[in-house]
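Next, two complexes with subunit A in common: one pairs it with subunit B, the other with subunit C.
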Partner chain A sequence: CHALTTLMGRGGHVIIRFALGGCTNRPFFRIVAANSRRARDGKYLEQLGCLDPLPNAHGEKVAGLNLERLRYWLGCGAQLSRPAEKLLGLAGFLPLHPMTVTGAERLRRRRQREQQTEAAPADGSAETGTDTGTGTGTGP
Partner chain B sequence: MTGLDLHKVFRPEKKGLKPPHYKLMTEAQLEEATRKAIEEAKTKLIMPPVLNEREPIDDVLAEDKILEGTETAKYVFTDLSYSIPHRERFIVVREPNGVLRKATWEERDRMIQIFFPKEGRRVIPPTLFKDEKLGTVFQQDRHEDVLNMCIAQFEPDSPDYIRVHHRTYEDIEKHGKYDLLRSTRHFGGMVWYLLSRKKADGLLIDMINRDLLDDATSLITLYHMLHPECQSAKKAKEQKLQGVDLIKVFVKTESQREGYIQLALQAYEEAMATSSAS
Partner chain C sequence: MAPRGSLLLLALLLLSCALPHARGQHWSHGWYPGGKRDLRTPSDLPAWGPRAVPARGRKTRHDPPAKSKVGRVKMPPPVDPEELLVVQERYRQYRLVLSALRAEFRAEVLQKKREERLIAEGLPEELEEHRRLMAWNEEENGRQRARREERLRREEEEQKRRKSEIAEKQARKMEAFLEEKEKEVLQLQEEAKNFITPENLEARIEECLDNPRNYNFAIDKDGRVVKRTVLS
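== the complex of A and B ==
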């Protein structure tokens, strides 16, 4: 793991994250192993894949992952950014990220609330937009 | 049986215009050059594989019902490791309902073409290969070009490849245009298709008309190898027939167009008689 030994001075570690590219209103992410102190789109150690966040003509979001090199960098002790972890969880390479699950549950609850408030508008009475969402410990 | 017609195999492809290149050679060098040309032609005439249609992939890796409703589009993940053969690559799809499944063959082919492009292949197959458009191409007698494009575009065991090939062979058989594919690498595939469906009569007539008796005999031997339980095969094995007799036995027992073949054989024999007499 040569890259770890050439860190300048002290601090800075290898991180696997998304680098944004593309044009206005047309994002494109490259999955990249870089030093954590580099700019987001700056010089990286190696490109490990890509992700196109906009669906194509067949309704799919295309993502490529070089799993062989990913395994190498993870073996070297690289860390992952949260979106990278979530993407790998979706891909099945890592277990599903807990925040993905939490996000899904929150979305579902918000949609339910909106449906309820829509269902009772003719009432006129204050939509007790019951925000008693006292988070009852949602999972680990 | 494919026939080695050097003029057709090395017929100039439509590339840029270049003035012809002349070389001065002795007899020995000329023989050497022809020999090399024949070997090259043989490599060009190697038959592409004929496979059965592939089974659709239907494998679910994980089901996460929690994710239902979070995404609007599906994610397709491709493994981009360089040293894996394309057949063993992992291509998985995460559907909006949370199911993680292996990608279908069409999705696989598309993704592999996106990330590892092959020359002559498009990500979305050209409209030429639709059934309606094939008819127009066949009227222009461009069966060979269609088949070359098909080999470049599809995998040998994909249903599209098989469908295009079968339609081409059917069309050739209907109109009797067997000579279009002679001396190309598609001839073997066509013969295999016709023999396995026992429609080889037109081809036989064509061969006899062009005085290709050896090809005709090899055609019938191949037919006997494919269908060893038929009558003519048994008779041929008992009596160990050769040449024209083999054809005659086949004609009597198996063929549908007996009259035509008899006529063609008679014409051939007359021609042989007159040429040997003169």
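== the complex of A and C ==
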């Protein structure tokens, strides 16, 4: 595998992460295998793909991955950053990340709770309206 | 004249410095017009929304905390224990799969390196040999697996049979036990008819007194009861 030249002293490992590029209000990520002690946007070993975080005209977020080289680097013992793990999980290359599932569950539960709270006041107001209507109707 | 003139100048200076403060503004709120205080009600801009001007104060991170924060205790965010258990289990399985994938990829990389090395050394026969041996190894593995599965299946059946036998034995024992107990109970019930109860007491006493029994008898060497002796 790649002989890791130490930057200063000892330490540092290969890591697959996102390097941010682009312009103001227009981010763009490159999926990159780099030494962990390099700057985020600094010199990397190899680019393994890219990700456009903003949805396109069809509402899709487009990402490109070089799976062959990914396998090579993972076989060489590269680590993954959490966003990279999540992206690969969604892509199907790795299993789905636990926090993706947990996040989805939490969102669903929150939406259900909001729906219920919306329904309850709506029902309450509707009931009070009907009650007052019937009361006044049956009254003198 | 000169000191009075200078005094007048001083007074004018002070006035000019005080005048801006009459507007009632503060630099952290932004200067009017257009600053943070500019006719902005809390309703049309929520507190957590993005601000036109950043909310950073005048202090750096090296300044000590304020007096109002002296008694402040920072608590960690609340954690739902059920969710935590579920999430930990998910993480465990995820890491298991991930390490297995890494091992596979590592094997691939090593294989490729070996092949390249062999090709570089110019020995295709060795490559062929290696591949043949690997195939043979796979075959052997397959056979061993079949045998192992067979053995495991047989052992499982054996175990099941033994378990069923034990269960049967247990059932039989329980039945026998129950039968014994039933018999004892019936016997007791029967004997209960002969018991002496407070109601029977007087009757039984009368009966015993009416029928005196003689327990004086002799036994010869064979164990038979001898009611009649030579003397009588």
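Just so we're on the same page, the second predicted complex is superposed on the first by the 115 of 140 C-alpha atoms of A that agree within 3 Å, B and C clash if a C-alpha of one lies under 4 Å from a C-alpha of the other, contacts with A are read in each partner's own complex, and residues count from 1 in each chain.
We take it that contacts are C-beta pairs under 8 Å (C-beta built on N, C-alpha and C of every residue); 3 or more make two chains touch, one makes a residue touch a chain.
This one's a predicted model, so the numbers in the text were calculated from it and none came from an experiment.
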Request  = Answer with first, second, both or neither: which of subunit B and subunit C does A:68 touch in the superposed model?
outcome  = first
Ask   = So, does A:41 touch the first partner subunit B, the second partner subunit C, both, or neither?
value = neither
Request  = Compare subunit B and subunit C by how many residues of subunit A each one touches, and report the one with more.
outcome  = B
Ask   = Does subunit B (first) or subunit C (second) touch A:76, or do both, or does neither?
value = second
Message = Let me test your reading of the model: by the given contact rule, A:107 touches which partner, first (subunit B), second (subunit C), both or neither?
response = first
Ask   = Between subunit B (first) and subunit C (second), which, if any, makes contact with A:97: first, second, both or neither?
value = second
Overlap of the subunit B and subunit C footprints on subunit A, listed as residue numbers = 101
Task = Name, in rising order, each residue of subunit A that touches subunit C in their complex.
result = 1, 71-72, 74-77, 94-95, 97-99, 101-102
Remark   = Per the touch rule above, subunit C residues touching subunit A in the complex are 83, 86-87, 90-91, 93-94, 97-98, 101-102, 105-110
Query = What residues on subunit A touch subunit B, complex-wise?
reply = 49, 55, 58-69, 90-92, 96, 100-101, 103-105, 107-108, 111
Query = Tell me, which parts of subunit B touch subunit A in their complex?
reply = 61-62, 64, 66-70, 72-83, 90, 92-94, 100, 107, 110-111, 114-115
